[in-house]
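Below are two complexes that have chain A in common, paired first with chain B and then with chain C.
Let's look at the complex of A and B:
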């Protein structure tokens, strides 16, 4: 769920843009350094961004019987790291606003903060923590994607609650309202996205070991085991 | 390509400088967000629709198809405003000011969306991206965005074709099959994206690629008369809002 154009009051739109800006600037610096050091990585990063854009357009079967879209932030952060995802996510959200009328420019900062900053960092943090604890790769991938998806929607709930406090119970009531709605719809979706990410990663481990090793997801030694099948 | 971008490439205003259209579209969006929803957002809606369907020449059906998406999100998002939690009348209850609050939100969001659509329907993304370097965005970021834009369409086409093939092979008939299919789709998109990037790199290397993607940008000059008309329209919307707000 993207916050639609004009949905947030002006002050909130500005505040969330300012909150997201340092992370995006940090990501831009990381990306610029990477591209200047390895000019050919422009194309790989572009391909990664295009993959994130397409991933967010896939329809996944929801537990509730309907369809929804994965955020792709968990998989993106595991594959490309959170600073790069902040930039790729921002460009993806900009494209979605201009090409699909999803989201908007005044709400870009808020959407970037939830989907391109908090989601990737929370998901990647969970993934790294579990991997360091010796948890198997696929379990860590599931929880990374699950946490990334859920944290994205938790932040969106907070953003909406801050913008529209409940007339009777203020921020707490608004959090209950928006959080309750998201809990019903998003917890099953977060489980769905976690499962989908595990399935995608399993297929990638079979077909793209070289790329996964280059991205640091698999140890370099794994890339040489078995033939790469396209 | 996506419908909005197709419309932008064939727009009457395609040859106009993106800065002119940004000033008009985003100016209207800023007015919608900054002015009181009644009557400000209504005036912005009227002005944006008049420009979109008049001089910009956007087909009404195309506009409705694009506009109904944000409208749908707004309606869904406005529903919680109709209720309050933990009031004296019980839990939860209808909020006394809820319908008015939701109505104001719908007015503001629908008007702001039209400003964005005005820019999107008249300006292809490929005209905007190369100019961002002059606006101070680092060139490597713009290059990555350009590659994303170009590979993204190819991937979307590939994904649509693969999904069609999966459906033809009964890949969507059961829940388990649908899960397998969508996972295969995601993995194939990843493999294709990297494959495309590798082939693009090989092709560019043969043409002396030095890390910068050089693209031709259609020559366009900023039309001062257009900017003056934009400023006049925005000023009229603001002035009329303030006058009507006092008199209503």
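Let's look at the complex of A and C:
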């Protein structure tokens, strides 16, 4: 989903940067507040950022015969809410833009908007909606991560279609074209990301019950049960 | 293997299968460049839609070769994996330490209250068996 350096027209680059900036600024505030209020959460914050680091470095073959990578933003969004994930996602994208020439500074705003803003919010929204309708935790986690991943690539497709409409078929044709490259490729990868996020959440449920309860992922009753075991 | 571990292993197995199947089934065949990155394909598509478009900014730093690039990508994955395993290792160690401390405390407490009784048993024991 990394739009390469210089590959968005200036106006588009500026517009996406302006759109993404408030989310990141708000995220930095939320992150500082979280760390100040719960210094012990720093470790799990680091782990959530690390999950994004690992997943977005893995380019995995897909059914379309091309390769793409998951985003890893669903986990952090479910644990710490999307604003904090906006910061962790931005750090990952910045690392890739500066060291790997993957993505870029001029396209950072657009990439942040898809991977660190829309992805986490869409994933978190899905997760909350499913939880509220009584869906089991791990099923909700799976779909939360799945949606976070897939929606990111849908946004990238829209961003590119807006910037480069098809000469003949216009915006719709371009959407089909970029959607075919990004969104379709991404479906199996989003399934993988969902499964990996469930795996990490299962490990967290074993090792960090108290922390999950404080973050509201597990009900408080589970935590007292866990506290006896801990 | 506990049921928990089996489920975790199964999850990993499915993820691996999802990645390997497209390769095993040869889904990249017939393509100019099998299993190229979607990001690079998007650049090609941009060139088709807007042949006149020139990127107006170039990366400040570009890895000099594919090898260096893949090294940096592995570095990114290794950093992430390192922090993740540090987290889970630390948690596990802490939990074990707490359990041990609690078990130790329980032993101490048990020993403190049980000592007179244990002494009695010991005193009675041989006598009882001697009878």
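The definition used in the following text is that the second predicted complex is superposed on the first by the 182 of 230 C-alpha atoms of A that agree within 3 Å, B and C clash if a C-alpha of one lies under 4 Å from a C-alpha of the other, contacts with A are read in each partner's own complex, and residues count from 1 in each chain.
By definition in this document, a residue touches a chain if its C-beta (ideal position, glycine included) is under 8 Å from a C-beta of that chain, and two chains touch if they have at least 3 such contacts.
Quantities reported herein were computed from a predicted structural model and do not represent experimental measurements.
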If you stack the two complexes on chain A, which partner ends up touching A:164: first (chain B), second (chain C), both, or neither? both
In the superposed arrangement, which partner chain does A:105 touch: chain B (first), chain C (second), both, or neither? both
A:35 in the overlay: touching chain B, chain C, both, or neither? Say first, second, both or neither. first
Go through the superposed model and pick first if A:44 touches only chain B, second if only chain C, both, or neither. both
Name the contact category of A:80: first (chain B only), second (chain C only), both, or neither. neither
Tell me the contact category for A:96 with respect to chain B and chain C: first, second, both or neither. second
What is the contact status of A:176 with respect to chain B (first) and chain C (second): first, second, both, or neither? first
Identify the partner contact of A:146: answer first if only chain B is touched, second if only chain C is, both if each is, neither if none is. neither
On chain A, which stretch or stretches are contacted by chain B in one complex as well as by chain C in the other? 1-7, 9-10, 43-44, 46-47, 49-51, 53-55, 57-61, 95, 97-102, 104-106, 160, 164, 166-167, 174, 177-178, 181, 195-196, 199-200, 202-203, 207-208, 230
Where on chain B is chain A touching in the complex? 2, 4-5, 26, 29-30, 32-34, 66-67, 69-70, 73-74, 77, 80-81, 83-88, 92-93, 95-98, 101, 105, 108-113, 115-117, 119-120, 125, 128, 138, 140-141, 143-152, 155-156, 159, 175, 178-180, 182-187, 189-191, 193-198, 200-201, 204, 209-211, 213
Which of the residues in chain C end up touching chain A in this complex? 4, 7-8, 11-12, 14-15, 18-23, 27-31, 34-39, 41-43, 45-46, 49-50, 53, 55-63, 69, 72-74, 76-77, 79-84, 87-88, 90-92, 95, 98
Footprint of chain B on chain A - complex, ascending: 1-7, 9-10, 13, 28, 31-32, 35-36, 39-40, 42-51, 53-55, 57-61, 75, 87-88, 91-92, 95, 97-102, 104-106, 160, 164, 166-169, 172-174, 176-178, 181, 195-196, 199-200, 202-204, 207-208, 211, 230
Of chain A, residues touching chain C in the complex: 1-7, 9-10, 43-44, 46-47, 49-68, 95-102, 104-106, 156, 160, 164-167, 174, 177-178, 181-182, 185-186, 188-189, 191-192, 195-196, 198-200, 202-203, 206-208, 230
